[in-house]
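You will see two complexes here that share chain A, one where it goes with chain B and one where it goes with chain C.
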Partner chain A sequence: MPRPLAALIPVLVLVLVAACAAPQQPSAPAPQQAAADAQGAGPATAPETQVLRVSFAWPTHIDPAMGSDFSSATALANLYDTLVFPEPDGGVKPWLAESWETSPDGLTWTFRLRQGVRFHDGSELKASDVVYSMERLLTVGEGFAYLFTGVVERVSAPDDYTVEFVLSQPNGLFLPSLIRLYILNEDRVRANTKAEGPYGENGDYGQEFLQTHDAGSGPYRVVEFPLEEYLLMERFEDWWGEFVPNAPDQFRMIAATEPATVRTLMANRELDISDQWQPIESLEALQQIDGVEVAAFSNMTGFYFMLNNRLPPLDDLHCRRALSYGFDYDTAVSLEWPGTTAMVGPVPKALGGHNPEVMTYPYDPEKAREELAQCRYADTIQDYPIEFVWVSEVPDEEKFALLFQANMAEIGIPVEIVSMPWLSVVENTSKQETSPHLVSIYVSSDLPEAGPLLKQRYHSSTAATWSQNEWLLDPELDAAIDDALATLDPEERFAKYRAIQADLAERAPSIFVYDQVEKHAYQSYVDWPAARGEVIPVMGYNLWAPAIGLDR
Partner chain B sequence: MQIAAFIVRRAVHSVVVLLGLSMVIFVISRILPGDPARVAAGARAPDWVVDNLREQMHLNDPLPVQYVYWLRDAVQGDLGLSLVTRRNVAQDILELFPATFELALYAGVMMAILGVGLGAVSARHKDRWLDNLVRVLSYMGVVTPSFVWAILFLLVFGFTLGWLPTLGRLTEGLQPPPRITGLYTVDALLTGRVEVFWDALQHIVSPALALAMGSIAQQARITRSAMADNLGKDYIAALRALGVPERVVMNRFLLKPSLIPTVSILGLDFAATMSNAFLVELIFNWPGISRYGINAMLRKDLNAIAGVILVLGVVFIVANILVDMAVAYLDPRIRLRTARGR
Partner chain C sequence: MSSLNPSRTAASPRAWRELERASRRENWGRAWYKFSHNPLSVVGLITVATIVLLALLAPYVTPYPEHAGPFTDFQNAKQPPSLRHPFGTDVVGRDVFTRTVFGFRFSLTMGVVVLALVVPPGVLLGLLAGYYHGTWVDTLIMRVTDIFLAVPPLILALAIASVLEPNLFNSMLAVSLMWWPWYTRLVYGLTAQMRNEYFTVSAEIMGASRWHILFREILPNCVSPIFTKMSLDMGWVILIGASLSFVGLGVQPPKPGLGTMVANGARYLPDLWWIALFPALAIVVIVLGFNLLGDGLRDLFAAEEI
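What follows is the complex of A and B.
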């Protein structure tokens, strides 16, 4: 070996050993960090700065016209204000909008805005910003835009503090949907809009800028957002709302869900709240760490075995009922985290308008056999093996497939288990001819009431999406759902939801497995409302940092 | 001169290889199941949004036309829009590539030093307990996947002993050095930020070692085998008979010719490390190109898939050229063949 290289070996070994042996210490802030430090940096630079660290699944989209998944919704709720704010009981309360009124025909909604609300750059939030935000959302069409597309006909600002929405038809969900209209600072977005882009005179509509910056007025603002690593937000001291006394100075959303990583971070107190994707075994291990607890609460998500109602033998009601009676729900629930309960009907129990009185199918193999005997495929059932598709990216689903297969073997129904990548599931369920017999899947409601989920799961307009495999294509059911959604009075609307659920439950279009609970490990020094049972049943709002206290 | 001609010849070959690679990747990524525009826009986005996205990405055109569009832009450094990050793929790759390159670089250094070192020790003590120990360790290294090492190092160094950091490239709150090369340790030294260098070095040890373990074991096996073969040759006996010191015999006359197979494998291992790093990057939350590439495949992010594979293809080609040059340096017979134009 050449001498210079040989001489390098001990040096490199020494460096590596020293690196290993050196105790980790907080590093001194670099001069380049002055700006970040002025706004409050991490514990390495300023021990008094309280940072809330939560792990999330990448990617996170912080453009209000793009993000709609869990991590994006969490970030958006912290960066932006909305006209109304969700409440634990499923309703909404005034937020940027101090009051509102509706025209007698239910088509015109007028909101009076709070005065003196400041954006992160210090400018005042005006009605024109609300108009711009809605128009931008509708034009881009992604994220939560579907809540307003075809609903909002036009929006205007009669004065600086009044916004008027005109709807194309009465819509009972319009008001709760406004928790997803994040108000942008029009001037800031326009100043950072690229002239070239797919939106005509609006260029790229500020999309490139809003991928990594915010233009909001919310309680936190973006400090840095390195790709695939983390999103760091800091407290906006001029926010008009109230923080709890020990609310975090910074909120760091870390892009890490690997169980070994999360476990190490939690044990080292480098993570305060885990993501919701940790498997049961990981949560059990996390719970063994001193000072770590697990919070579990309902999150408006149902776990379904979606049956293709058009494909033999499942086009026969009695066969579908045989499957429903033949499945062992208690065992399925026991495979999940404590607190999980079997579904009652087509929507989770936490949703407004849930009907607890619907027909149910408790595990009863004898009754399953009776139903099977009435099915027109009873004699030839062996010729129709049920293809059970589970999403290969969610390995926890396999145990339910195996349980189903074992249960069905007891009553003589053959089942073939297929593990399928998510993209193939999306592709196959988009066409009736390629939809399998059964797909096991989790589906969440966008809003805390039953209507949106019923539409998503059983309405013909959403038949060609992954969120249903049933292909009911029933005009009467569609009309009933549309009618319920158009009903402004909540009580009346909920009554209509309940009637729809009763009808659906009798048809046994799906196997309603269990209401999912959202599970997070968290440090006991985190004073977290959701862990105390004060759950806001809207995705993203349980990690709304102004309400979370840190008592390290 | 011969070396220059060799490099030019290989560069020309490389362009052809890359062109072929780009075609294969382009076709494969587009025949995977799932509509990328629908996946990107979300299940509930209106059809017109999906149609616009398809139009924007030329997805409605025939495959050859799409390829021509892509190639035309790619040669100008524009790798197209990522459907996940909604930024230009070239921009994403520029941001993430240095992290993986730095990781692979440190892993490569570990492979070379520890692999060759262990192999040499093993050969020198052939069939004695030290040799047997290294062989057992090598087998363990070869059969254990890098992600298992990653989890092990994370738990041992990051959790149990608490010696090394567990996450990312720098400690929270520490600002990265001004970007010169994108390699934190190098940039920190170039800008005189010793504390950042030290911190970055501590962060890179565990993931780099996890990535290197398999190759270290393999290099040790290959080096030992080559040295053991040469050890029995007449020229070694002659050198010893002439009284040449054992250290000189081992280092100058035995190790150097024995390194040829090791260097060949090392170059390819280095390149493979870049593409195989995704699980290690995931475990250590390392913001690298390998993890980005896997996420792109899971989400059918067409341009990102093509961009990442193209860049990794270039890494493989460059690594091959460097290996050939190193082998030519180590083996005079190969130099002679090159000089004769064979």
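What follows is the complex of A and C.
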């Protein structure tokens, strides 16, 4: 009887695939053998090539004017140099810039550049490249451009090793922001610019070229980048800076977050550091593998349920508050790695200028019902099911979606859960018409104080990006944020941040879920500063390969 | 037949009816005897009957019917199979047994609705194409059918289901759109053959209408192959439905689709094996049941025709 058996084949295949994808328990391989395994797993390279392999949620943008998420920031930090470099204490140290001075009015910043810095093609990095990079970033206007838009008025190069920035108003955060200005090789980009494009005489500003190539001077350079699979970089031997002695020869960023895949790779020693999106169950299982450990550190990341404040019924404050009161924060925190704490207000607690006194919405279904009753959609709430979008690369988010759905069912608000790939989330949140009711996203601060995050989350200039699904578009709020960022005195600046947080918290524009702890499973042969506690509190820099050693 | 001459005599219609009923009973009896002597078919029948019953009575036979809706209980998450939770609980604390039984509901709905949607148009088109064999009607219908048959079924369903909003109805629609050609093909072949049989020709000579020939002469003779194919297809449709929900295009959470449950559980293999294994086994059982049943029916009808 062939038919019933034939029908079973797909099911069996399904089960088998799932079963095979799960890792075999490695039988404590001898060190040499582990090393041999690792070699065999790498690309077709010479046997002594040491490759650092890390998994990431994709896509990765390596155009300095485009990328702004975790994997992009990591790639950019490795491919490009910046004028200053972040330090563990939240400050910055000289990097391409050897020294700098400010005019008494705080408007003119002059940087002296290090001499003899080579780009990957061998040409020398000059002040004109810095000018070009800043102009390009401001013109293209995506990625980290928001840090400089409306801040930098003019940039010029008085000589080959001097750069002068003129700001439109004093800005307390201009210097640390420069860790996000990646210096491009102007000649190389111009040589690869397409004449046709949206930027007038600059054509496409080299966007097509820079999508898959780098034009940097950083410690690593692009070898190959099949867009949807991985990004392979190799060490740039002529880099001016210092590698740790056993720094990787190659750095391979792999597009993989599927727990079964990551576990197999980890168990076979084909992956050195996992992405930070593994579910708790997966991390616990990874920890059981011989030679694999889990590093957890605070990285100033908040987990938000971003509400679309323009979409009924969430355009009503009381409905938003009902959602905020109706969510069980303690349970959400208990599902996370130890060290996670509930968020207080719109920014993570570790950021300078955090306001602990803001209005909060502790879990209280009774209060949620009261708020719902005051909402103008109270009687028709069944006609407005809340669309909850979670990022399908981050399986843990589904638990929060289901918890939220169950919580809301209790107070009578219907919720529909949608799982969406990150790529589509980025696309949908870029337009108001396609922005969903609610999307759950982790947002990292680009700088160690509250202001830039407030701007990234709630300022009009970031409304059409994934970091704001709220669409507040409030000129008064924009002015308040801009004013705070322009304040030079830290005390005064922090006080302004606190006022903005208090105001935002009362509007309940988002549900503030928890301050995230970043978790990675890693092989114990990786000498990883972040795992030792030397955490650089800036997205992307904890996977800066020159500082990571491999002791296979 | 009896309705043709109700007034001729008072006694004969009743006698006719009696006779007809008796012979039908005898036919059924013989069929059941044959069917029941094939152990595999009986297993199939029992499996299918059990699943249908479980699905219909799901809210009453499952221990935690609320777990099929918006529900979480993280205190009891990730429990291995036990007496309280025969199939264990998933990562948000829902009883896997309850959800599997409710999953049958969606699988069966899928099968029944899809077949109900595809069989009438598929059969009608097949009848027409077969009856007008060799004309432009035949060419038109059968070439369109060929086009649909040429596209790999799962790919077509995936394409349709991903363009439309993902939900149970749209995935049923997607599967239906790719399934009707099989019935057109089947009935086309049978009709083309039967239109030259003596009973069709004599009906034509007696002046019967085309309608009569198609639906009273030819169609009744196609019924048993159609039913056999339907019972065999049930398993396949459920399987395609599960594949669609495996990739997230079927039943939407928190409703339990068997495919979705396997997909979600696969993330936690092998430690939390029960989350994926039981729904996967459920798919195996339901598909196997329908195939065994369909096979039994096919043997039965094939034997009858000889």
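Following the convention adopted for this analysis, the second predicted complex is superposed on the first by the 320 of 552 C-alpha atoms of A that agree within 3 Å, B and C clash if a C-alpha of one lies under 4 Å from a C-alpha of the other, contacts with A are read in each partner's own complex, and residues count from 1 in each chain.
Criterion: a contact is a pair of C-beta atoms (placed from the backbone, for glycine too) under 8 Å apart; a residue touches a chain by one contact, two chains touch by 3 or more.
Model, not experiment: these values are computed from the prediction.
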Which superposed partner A:417 touches (first chain B, second chain C, both, neither): second
Touched partner set for A:282, first chain B, second chain C, both or neither: second
Which of chain B and chain C A:258 touches, first, second, both or neither: both
Touched partner set for A:104, first chain B, second chain C, both or neither: neither
Contact breadth on chain A, by residue count: chain C or chain B: B
Touching partner for A:116 - first (chain B), second (chain C), both, neither: neither
Which of chain B and chain C A:466 touches, first, second, both or neither: first
First (chain B), second (chain C), both or neither touched by A:393: first
First (chain B), second (chain C), both or neither touched by A:406: second
Set of chain A residues, in rising order, touched by both chain B and chain C: 1, 12, 15, 19, 21-22, 258, 260
Interface residues, chain B side, partner chain A - complex: 32-35, 38-39, 41-46, 48-49, 52, 56, 84-87, 92, 95-96, 109, 113, 116-117, 151, 154-155, 157-159, 162-168, 171-175, 178, 193, 195-196, 198-199, 201-202, 205, 251, 255-256, 282-285, 287-288, 291-292, 295, 298-300
Touching residues on chain A, where the partner in the complex is chain C: 1, 3-4, 7-8, 10-12, 14-15, 18-19, 21-22, 258-260, 279, 281-282, 285, 331, 334-335, 392, 395, 398-399, 401-403, 405-406, 408-409, 415-419
Chain C residues within the chain A interface of the complex: 40, 69-72, 74, 78, 91-92, 166, 232, 235-236, 239, 242-243, 246, 248, 252-254, 262, 264-272, 276-277, 280, 283-284, 287-288, 291-292, 294-295
Touch list for chain A against partner chain B, complex: 1, 6, 9, 12-13, 15-16, 19-24, 26-30, 32-33, 36, 41-46, 51, 58-59, 61, 63, 66, 68, 140-143, 145-146, 149-150, 198, 207-208, 211, 226-230, 252, 254-256, 258, 260-261, 263-265, 267-268, 270, 393, 421-424, 426-428, 430, 456, 462, 465-467
